[in-house]
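Paired with chain B in one complex and with chain C in the other, chain A is shared by the two complexes that follow.
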Partner chain A sequence: MITAPLLRADRGFHAPDFHGEVSGVPAIATDGLTKRYGRETALAGIDLTAPEGGVYLLAGANGAGKSSLLRILLNLIAPTGGTARVLGLDPRRDGPTIRAEVGYVPETHQIGYRWMSVGRLMDHLASYYPRWDQAYADQLARRLEIRPDKKLGTLSKGQARRVQLIAALARRPRLLMLDEPTDGLDPVARDEVMGLVAEHLADTGCTVLVSTHLIYEVERIADHIGVLREGRLLAQLPREDLQRKLRLYRATGPEGWVGPADLTGVMKRASLGREIHWTVWGEERDVAARITDSGGVVRDVAPLTLDDAVVTLMRAPLTGPKDTADQ
Partner chain B sequence: MTDAALSPPIQSGALASARPTPAFMAVFSEQLGLIGRAHWREFAILGGFFVLMTAFALWGIIREGMTVDFPQEANVLVALFAMAMGFTLWGREKLFAQGHFATLPVARQQHLLIRVLAGWVWLAAIVAWALIWIAGMGLISGGDLGFDRYLLLSPPTPDGHVALEDLRQIRWTPQTWNWLSAFTTAAVFYLLASAFAIGVRRIVVWSVVATVVFLAIGAEPTGTGRGVIQAVVGDPWGLDNLFTGGMGRADAALTLADGKQIVAWNAVPSLRNWATATAAWLTLSGALVWLAAWRHRER
Partner chain C sequence: MHIAINTTDARPIYVQIMDEVRRALVLGALRTEDPLPSVRQLAGDLRLNPNTVAQAYRELEREGVVYVRRGQGTFVADRPASARDRDLIVREVAARALLDAHRHGLSADDLIAAVRQASDASADTPRAAE
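And then the complex of A and B:
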């Protein structure tokens, strides 16, 4: 099988607009958010909208700017430009309130102070979060098999992540921000962590913004997708729009048939004998009609898994005018 | 999983409407507890030191009839201890890397100042303990913590000699402000160290730079260097006034008419000297801490 990514600006390709309408009251809304570190641009004009009560997957490769974005939303670092609203509040003015309302699991596995026991950490956090639910924290600790007398400095990565999750959930947040929550964890711990998030979500209906490059782990809970690449929000849309618009087409045609010349929004093309596979961004009816008009027979159309769809978007070009086919 | 409803929605109206950020006292009490717990080893070492000192002092008092003076010059040690405490308190916080401390739901500048205050309470308690110890030892030794000094009543002759009648022996005993000076000295140096530890990103580099500059000025105290040293040590706002109300500078080495060398005071340490210097240094160190914390403000 020969595969070839077809999205190349220098071949005259027109990059589609991967943005869809995100409806509902936004829990997070940013407008032209920019962050520069010296000459390096970490975020370049991010317009992100995460609806309240949803699970927003912020995908992107390492170094795409995900952590910087989350830290700006908590006012841990200041943006270079643009504005943000989190739960209707301005992080630059209401940073403490936002940090109180948000359960944040940072990218690092550090939490509290190394000399602290887990139990002391919980007491410490209870002092800082008036809504801290100690009974819930105890319940989570039992469930995740975290001993209260265990010193934070002796926790493994997996245990530290579990403690971070307890700390984030027991403060009863309106919004959960998880930065690479399963990074460095073994499969069992990963499953445990994501299972707990899913249960919490089902029980409380809080909003979740999860930043990760391990898409398959949040496949079962994500309902909105944002793709960051090189500091730009390349795509932002509801999950169903992504899976409706980005599809894999399998078609055959007569000897020498290469498919329609005017097929736009092609993200990937692979040929196997007389069978050609396209991953195309567009309305299924239009794409299928073009393939058929060019003499081919569409054998199968299938949505991509969320993991494949996001990876495909992550490989999409950054520049190019909007594709008329997807309007 | 046995907990059917792992995370039930918050039912209590009071809880749901509770203020999400902590009150001042909650943060202050927590920081007070944290500092105590985080530095228990240092405090234990300090306790051991006091036990040792007590043993030595009691030995001297009981076996050798030693009397205990008010160690006004020991304010230099208080200053060093306070500085060490200022650095120790912030050494483990990653303030410029937005570590755990920064993620807590308190306005950062305010949060830093609360921690500084909590640290100062511990420092003041230690200083108070040291003063109580001194007073106790003084009481046991049966003295008034004072000491005798010659006071120079008129300036020496042009050849540098002093007549015996120009000297008067006085007994100096600690005044209320002398006791207070231990607290204010500790506060000033604690605040200076805290300002440095909070406000400077590369503490080691800047410590080296500051030391080199200080040594360079001290090595050749002329011109600007002399002015700087005079401002830091001398009248009216210098460290000697801050520590002792001017006791160090009051000491003068004199030669009597019979050639005997003595040390006498040419002035008595004064509340005015101490108050002026203390007000200046507290204002400066307080402002520096405020500025250092301001670097980390919400913005």
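And then the complex of A and C:
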């Protein structure tokens, strides 16, 4: 198949609004959150809403500001501006309370205390977190094949990640924040971890905010999607809305047919001989009607996988003074 | 009971779960009073959001296909058998086939003729009893 290059942000293109209604009580809500490092802007006004009991996927390229955002929510770093609420609390004022209520798997694989054994670490956490579930911690350790006598300093990257996951889940938190939770894990462990997260959700109904590059892993679990791009939340909507509104249309038409001139929300266009493929943001009925009205026959309309949908958003042409199409 | 989910399918995941349960009923893999896997088990096994599984079970319950026994789980309901389920499945299979035919530029008549032909050609290969 011959794929046309991505549309550039040419003058006629107006980026659609990729925001949908996020309903329910928010577990996390930020208002105009900004973060600057010197002259670099990491976050440029983020209004994020993650509903309680949901699984919110935070997607974005490397350096898009995902980890900064998570660290602000835990008050591990201070924002430059804006406000945040986590479980109804203000991170700036109630940082320690929030950190006690949130199961956090950080981007880093370092666990500190190199001399300490896994078992000692668990004992330490058990005394620190009131809802610590030791039986569950033991069960997780068995399923993730982590021996309690192992010294933290001798853990491989993947083993350290498993210990961090056990530590985050066994405290039975109301909110899980997972920053690349399966980074460094082998395929079997990655699969196991997603099963554990699903079971944990069924057991506790907790809220999850997960940042990951491996979108297909959370495809069946995530119910809300946020896409960070260049420090802005380009998209935020329920997953169902994303997969309903962003679809791939394949159509054929008479000789020389180039499709409707007035098709809006086109994210990508490609062709195979005389068959034209459009990835379009819009309601299916409207898009299909436009194609049909222009003399084409819609052969197929299909939703994108979550991975493809997010990549499409991350590459969408942006309107604005400078051309920032893809990177 | 094994439930297969396909994330590239146009049907939402909860609908796929419902369709898989109906399929199991039509095939006789699931019968009256059989338990469905728990929400936790199915969500864990298939790496699904438990809310999605719960939604499918709720819809099936609303349709009278299954019922919930407090504290014990979800079971297949006793009801005038699967004529309606079978009907639903036939229509869905037909709709999928038609869509696929259209994708390939074929008409419904082309498809029907081809299905007859293929069915006749395989008449002597063993088929599942209807």
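Everything that follows uses one rule, which is that the second predicted complex is superposed on the first by the 309 of 327 C-alpha atoms of A that agree within 3 Å, B and C clash if a C-alpha of one lies under 4 Å from a C-alpha of the other, contacts with A are read in each partner's own complex, and residues count from 1 in each chain.
Note that in this section contacts are C-beta pairs under 8 Å (C-beta built on N, C-alpha and C of every residue); 3 or more make two chains touch, one makes a residue touch a chain.
Treat the numbers as computed from the prediction; the structure is a model and nothing was measured.
Applying the stated clash criterion after superposition on chain A shows that chain B and chain C can sit side by side.
Using the contact criterion defined above for the overlaid structures, shared-chain residue A:D203 touches chain B and also reaches chain C. When the shared chain is aligned, chain B comes close enough to touch A:Q110, but chain C does not.
Shared-chain residue A:R99: touches chain B; no touch with chain C. By the touch criterion defined above, A:D186 reaches neither chain B nor chain C. For chain A, the partner that touches more of its residues is B, with chain B and chain C as the two candidates.
In the superposition on chain A, contact of A:D293 is made with neither chain B nor chain C. Looking at the shared chain after the overlay, A:E240 reaches chain C, while chain B stays out of its contact range. When both complexes are overlaid on chain A, the residue A:R143 reaches chain B alone and has no touch with chain C. Rounded to the nearest 10, the superposed model shows the Cα centres of chain B and chain C diverging by 140 degrees about the centre of chain A. The least CA distance from chain B to chain C in the superposed model is 8 Å.
Annotation: chain A residues 196, 199, 203 touch chain B in one complex and chain C in the other. Residues of chain B that touch chain A in their complex: 1, 3, 5-10, 15, 18-23, 26-27, 29-30, 34, 37-38, 92, 98-100, 102-108, 298-299. By the touch rule above, chain A contacts chain C in their complex via residues 53, 55, 191, 194-196, 198-199, 201-203, 216-217, 219-223, 240, 250, 252, 299-303, 305-306.
Residues 71, 74-78, 92-93, 95-97, 99-101, 104, 106, 110-113, 115, 120, 124, 127-131, 133, 136, 139-140, 143, 169, 172, 196, 199-200, 203-205 of chain A touch chain B in their complex. Note for the complex: chain C touches chain A at residues 5, 7-8, 10, 12-13, 39-40, 43-52, 99, 102-103, 105.
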